[in-house]
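Below: a set of structures, written as structure tokens.
One chain, chain A, links the two complexes that follow: it is found with chain B in the first and with chain C in the second.
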Partner chain A sequence: MINILQERERQVNCGTEPFRMDCDKHSAAGSVSQRACVFCGSRVVLYPVADALHLVHGPIGCAAYTWDIRGSLSSGPELHRMSFSTDLREMDVIFGGEKRLYGALTDLIGIYRPKAAFVYSTCIVGVIGDDVAAVCKRVGAEQQIPVLAVHSEGFKGTKKDGYQAACSALGELVGTGPTRDIGPRSLNVLGDFNIAGETWAIRRYYERMGLQVVATVTGDGRVDDIRRAHGAALNVVQCSGAMTHLARAMKDKYGIPFLRVSYFGIEDMSKALYDVADHFRDAAMMERARIMVREEVTRILPEIRRLRSGLEGKRAAVYTGGAFKAFSLVRSLRTLGMKTVLAGTQTGNADDYQALRELCDDDTVLVDDTNPLELAKFIQERGVELLIGGVKERPVAYKLGVGFCDHNHERKTCLAGFEGMLNFAREVHATVTSPVWKLIRSSRRETTAAPLDQCGHDCGRCTLPMCCGAPVPPANAVI
Partner chain B sequence: MTLLRHTHGGTITERQALTINPAKTCQPIGAMYAALGIHRCLPHSHGSQGCCSYHRSTLSRHYKEPVMAATSSFTEGSSVFGGQANLHQALQTAFTTYEPDVVAVHTTCLSETIGDDIPQIVQKATEEGLIPEGKYVIHANTPSYVGSACTGFANMTTAMVDYFSASASPDKVAGRINVIPGWVEPADMREIKRIVRLMGLEAIVFPDTSGVLDCPQTGKHELFPRGGVTVDQLRATGDSIGTIALGPVCSGPAAAQLTTRCRVPNTVLPLPIGLHATDAFIMALRKYNGGKVPREIADERGRLLDLITDMHQYFYGRTAALWGDPDQLASLSQFLMTIDILPKYVVTGTPGTKFLKRMGEVLGDRKSEAQVRQGPRADMFLMHQWIKNEPVDLLIGNTYGKYIARDENIPFVRHGFPLLDRVGHQYIPTVGYAGAIRLLEQILQVTLDKIDRESPEEQFELTL
Partner chain C sequence: MSADCEAAVTPAALEVAATRNACKLCTPLGACVAFAGVEGSRTVLHGSQGCATYIRRYMISHFKEPIDIASSSFAEETTIFGGRDNLLKSLANVTRQYHPAMIGIATTCLAETIGEDPAMHLRGLPDDGLVSAPIVHVSTPSYCGSHADGYVAAVRAMVAQLAERGSPAEHVNLFAPMCSPADLRYLKEIVREFQLPHTLLPDYSETLDGTTWREYHLIPPGGTKVDDIRRTGSARASIEFTHVASASETGAAWLEEACSVPRHRLSPPIGVRKTDELFHTLESITGRCTPAPHAAERGRLLDSLVDGHKYVSGRRAAVVGDEDLVIGLAVFLAELGITPVVCGSGGSSGRLRTAVKSEIPDKAAEIAVCQASDYLEIEEEVRSRRPDLIVGSSKAYGLARKLNVPLIRVGFPIHDRIDGNRTLHFGYRGAQQLFDRIANALIESKQDSSTVGYAYM
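== the complex of A and B ==
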């Protein structure tokens, strides 16, 4: 029996009534939020730039927890996988950490001769007031490499603000490299982080269409590529949150148009390729895209059909970082014959939720910035058999005897592209149909999800006191 | 391309202001772990969201369990005006929504730097009626620019004494002791309780994460699992006849505090890892049980000795590199010395004063053959440099050693925190005699696997 979080009422929706998701805000104080900080956002976005130095300016923790946590693969240098910290101590907090930062940067650049350096500010730096930008500038001038301050003080917003800070830093790199050998049929891949080699898959598709991929930002990223990214004819941006800011900035500054795409699922992947071909108005390129899509789909479809037969009608819950991924996952699950009964994101905005509402079934529950209690409750009520989420969600799913698929930093197989769809289908099949769930005699298994009309809740649509469909339910109602 | 080729051997330059690949982490996660060892306790991170999220993720990865903790969700405003409003709202939310018995607040670098006074904020909350009858808020200050995760663990454990321990009568309860197990795994805490029971004593073990972070699968998600030391038990610690603190860094301060507050005499011992350290623990327990050692324990010791003697040729002349927390390292090193493996390189990022001295005692006349480093710049990078210059036969430490293990092809036993890539530590203890057998088994396993993998066919042998 739990009471609901009153503050969260407008961050949950389970009907088709018009609504505006009240997202984009800090987690309610005291809730067990699944969210992270600005620094976290910047760190995950910039981390895959493999030949840059990444120095975390702050106490040790912020660096320790982000040491090689994301499987962003590099085809060459692996400097990004090391953990560098100024490891601020009490004296630095009192007297300021600029000297230490200067020393650390100088030492590191001396040892590794990186192509560029990113310096991340953490909460404490924001409070003690170090002039990080000035130190970066000085070291940059002395060492003759770009040294970029990332303004990622943890408390100054949400993870999304961290994406922005990262994009601003990248923006300083763009435009500083030569663009001579870049042709008109060229693009940058923005917002893919090469987890389990996904950027490589995407790059191959584009190259097969006859396109020149100038920079992949930031998956398998290289400083020199990013510096000349402004020479590309198009930016293709994946995911709603992380890289749109950079694409916008490049549009304003260099007039480079951008397309928003997703690489997850057959539908979205194909659409991405067609959209790009369309953009270049090149019939031959479009033809190549068509042939490639046909080939790829033909190759994976028989196996997907086979897997689908074991998954038909099963219920899934999706909880992602960004919203675009949630869209793709809902579609991909449909491809597998599954129903999404719960969808939520950490960083979606009101428009994203509107779109998600339209995409999902009428009775799909939408949540913004959820917490484990809420998740567990919905999973049980809706008879969920698969949860897609990240590291903090996995044990919750397993405890409830529910299958799980990591679609976050810790995924181990490539889930993007056509091959990725097949991998995804396999992963979902492996967990959903595993015999181990039968070992758990959960009471939930006997009573399947409660029908909608038995909720006793007066919004008329769902069982949930947190439902923000009108009329608003009594505050602090007991579930 | 081999990973970590960014580490070079050769002359080791002293770095001034830089930690590379740390062998420590920050205070709050230790406080969070300790707080989870109180029954129905919600740890609370007073700071911005990121820290809490990282700590929970790391604990979740280590235990493969859901880890509950709340945050004050600081914003720019709170960083200027202080976090009182946030903490008040948080307490209200916590008690109405999650219904814990205890909320254990720890600070973060941010709230420490802006100077929030937690006792005062909590006092206000009490006055405003935000804390329901029979519920408690305790706190520990855990700035990470001081100490390390071990310090955080020690501080939160001391807070348990400060807030709860009481002495109801001048007479102590005969046959009941307190054991502060130190930062060990839930399985170790369970094993410590078993040993105490076998010795015929009753013990209050605090903190106690067994039954919290090693929960049985029941098909339910319990916000507050069954385990953990209760508030009543914590109160009663003041009336026990003695306290045994395992690990001077993590457990020492709380034991001392209990002596000051309630006159409970304390004995501070090394973590009972390995033969001698376990002997010391058993000897300490004998002081309270009339001196007897049950057959079962004597036999466990005998079995450990038997294994050591059976396999001693495989230890002879070998060397090891270790990293992690000081309490763990001191006992592990002692055990290695016992079986004739030299702990050649030992590194801990946790600063302190007594560790180097203790290591000196452990190493005895082989001191000059070993390198021990503590505090700033004592990190995995330094350790790797040492190893590149002169390799060792065995690595013992947390998951972060896997880069070195792979790069240098050295057998690797995972031990400590965090372990992000293996299981077992949750379930199988390494304390006590039985735990030492487990450790030996792991050491032998990785060592012999390497021999088997690499021996030429004519020397590839079926039997030992």
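== the complex of A and C ==
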């Protein structure tokens, strides 16, 4: 029997009780949260800036675990795929790590000649008292490149605070580059990370509409593009959390308006393009968007229909980082004829959950910052046949014989845009309709892998020296 | 990284004050692997949330099993007022959710830096009977050592905090270095066939490589029983497999000192001779001779080494990974006639070089050992020595790709293949599988680059 921790009761809503989501909280101690830390939030956002040096100031783990883990592609330099750490040792912890940081930065900038450097503070830097900003300033002056301190000490908040720290660092870059050749029909793509080339797909759509894409922040990101991003006429922000801070800051400072969009699913993708065309009040642009959407949808629809026929009525669970993606996935699943019976996010806020409640069916379970046991509980109780999440959620699904679709930063499949919707449908279909689930369900009993030397045979025919000699249990009926 | 590489590395590279593409992981990860090998156990990382999540993700990508690691979830106040309340609350919450048979606590860098002492906090555990499982705590700051050290420290902590002295019984204790679940299963199979009662600690052969489930298990089945850990103190002997762990700091060392359990220190059973050593030891402990199936397995292995020797003889390899594995594999490669021209590890025991050179004396001059090194430093060495293949974890893939040589995936992590937890390194069977993969990879690369494309050897 799986219980929900008392502290977490208000972070789970089954649709039966009055709605109030107690989100935005620090994870309960001892709960196996699927969340990471402030540092993780910053790293996720800045990671794809491909010509910058990313130096993790701290002990080795924080850097080692984020080495080349994401599918963010670059069309040019690939410095972001390296992992750099100051790898603090005991002496640094005692006497401070500033000297080591200075040396590391100077050496690395000398070797790799990056366009800028981001220095991430991890937890212990926050307590040993290094003046990271001062070191960054000094090295920046000496090396003549922007060296930006990212205040991402893991314990100082949640992943969302990490997004904010990353956005502040980006904000220091914006406004320092030339904007001469930027026209009025221009925009920045914010909050897409070019997983499996998604930013490229999005960029092509906008370009087909006649728009100039100034900077993609941060997918396939370049320091020089970001520096002149303030020249764009519009910021289009994907994902609810990660880059809204930057969009807000650019609005305050440069008066650039922003739109919030999602690129997942036919509905949301088309809406994004129409909203942008709408913003520019340009009939020709709108017409181009319409034609493009029609073309794209016509291209993918026959196959989507075919895939849908195998998926109709199946039950899905969705657990994402941000809330916008959850909305899009619920809609995309509807496009495939599927029903979302559980939806949750790591970082959604109260408004997000209100919107999610309205979007989902009445009996859909909503969870905030859930843990593996709760997921397992609801997957079993609600007969889920597909879980959409990240690597940490995958084993929960597979252990229970449930299909899984990776919708996180590590995936290698493009799921954004129209082509992405088709890939998504294919992936969902491949997993949900795989014949392996039948094999698993038909196996006569759970072959509990009892340690061999304690006689796992439970058959009475065991020849092991330490056979337990237990009588033959009745064979479980085929389910 | 202040590497300790040899010869060919350019002075410029030696001076880089940063670690670039680390060839090690952080200390608590090793403790998490060790604790996962105890039946009914749950791990709490004392510190901030991120470390637990990163370590989980890293382990899940390799083992492809549910790996639940709780965190005491430090917030800003915690670093000021201390982590006592968070720790006690985590223990209560973990108990409520999982009903564990043991709770392992490992500290993260943050907790260590602010001077947390879990042992002291535990004295404040309320006696309301809620948290009744035995608790083992281990100090694992990452700024000292790496995952391999965390693993050894956690094993030692378990015996030191649970083992009970007693009059010697029939069983032996087995302590393996961090290896695959398949290795552990096979090790047990061997010992079982010698009809030797034993306790393997840790035993994650099932917990980190399990079956499918009908119902969700709160904790994956399998693992060393807590009572068996208690009984390690009354074993007739301990066998530990390691080249590099400090002779005084292992679990077997503790048992020898505190409980007078005699200790056999063997090399990890990788390759022919090192596996022979294990079988000889088992023969002398049990007074039985090697069971026929294993003798036959050895025979077939040798037969295949003869069949395939020309394809490997005189070739050169780079071996990269955890120190114990690197030494074992280097020795095995040398047995095959492959020179391990580069042996690299991020581990900092300081014993890698001496071990490799003394184990392979006739090739010592041709082998560059990079100890306490990162991938960039190892790469310099590899580039200058041009091996025909690389044997290492999936993190060596980038290097293999750049040099256009095959990578034989071994050890941890294997993030880009599906069989990380089933990769066998130990014993005759492991040697057989490794040899087949190595020989085939070399044959294949020759075949692929041939203009003729023969379909026979």
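Keep in mind that, in the parts below, the second predicted complex is superposed on the first by the 436 of 479 C-alpha atoms of A that agree within 3 Å, B and C clash if a C-alpha of one lies under 4 Å from a C-alpha of the other, contacts with A are read in each partner's own complex, and residues count from 1 in each chain.
One rule holds in what follows: contacts are C-beta pairs under 8 Å (C-beta built on N, C-alpha and C of every residue); 3 or more make two chains touch, one makes a residue touch a chain.
Here the structure is a predicted model, which is why all the values come from computation and not from measurement.
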(request) Examine A:Asp131 and indicate which partner it touches, taking first as chain B and second as chain C; both and neither are also allowed. (result) neither
(request) May I ask you to decide whether A:Cys37 touches chain B, chain C, both, or neither, giving the answer as first, second, both or neither? (result) both
(request) Could you look at A:Asp278 and tell me whether it touches chain B, chain C, both or neither (first, second, both, neither)? (result) neither
(request) Considering only the touch criterion stated at the top, classify A:Phe155 as touching first (chain B), second (chain C), both, or neither. (result) both
(message) Which partner chains sit in contact with A:Glu172 here, chain B, chain C, both or neither? Use first/second/both/neither.
(response) neither
(message) Output check: A:Leu108 vs chain B and chain C. Expected answer is one of first, second, both, neither. What do you get?
(response) both
(message) Residues of chain A that sit at the chain B interface in one complex and at the chain C interface in the other, please.
(response) 2-3, 5, 7, 26-40, 58-67, 82-90, 92-93, 100, 103-104, 107-108, 123-124, 126-128, 154-157, 372-373, 376, 391-392, 394-396, 398-401, 440, 443, 445
(request) Could you pull out which chain C residues touch chain A in their complex? (result) 1, 15-22, 24-29, 44, 47-58, 60-61, 64-76, 78-79, 86-87, 89-94, 96-98, 108-110, 113-114, 141-144, 146, 185, 188-189, 191-192, 195, 197-198, 203, 205-206, 209-218, 221-223, 395, 398
(message) Using the touch definition from the top, list the residues of chain B that touch chain A in their complex.
(response) 1, 3-6, 15-22, 24-29, 44, 47-58, 60-61, 63-76, 78-79, 86-87, 89-94, 96-99, 108-110, 113-114, 143-146, 148, 215, 217-223, 349, 376, 381, 400
(request) Flag every residue of chain A that touches chain B in the complex, lowest number first. (result) 2-5, 7, 26-40, 58-67, 76, 78-79, 81-90, 92-93, 99-104, 107-108, 112, 122-124, 126-128, 154-158, 372-373, 376, 391-392, 394-396, 398-401, 439-445, 476
(request) In the complex, go through chain A and note every residue touching chain C. (result) 2-3, 5, 7, 26-40, 55, 58-68, 82-90, 92-93, 100, 103-108, 111, 123-124, 126-128, 154-157, 371-373, 376-377, 379-380, 390-392, 394-396, 398-401, 440, 443, 445-453, 464-466, 479
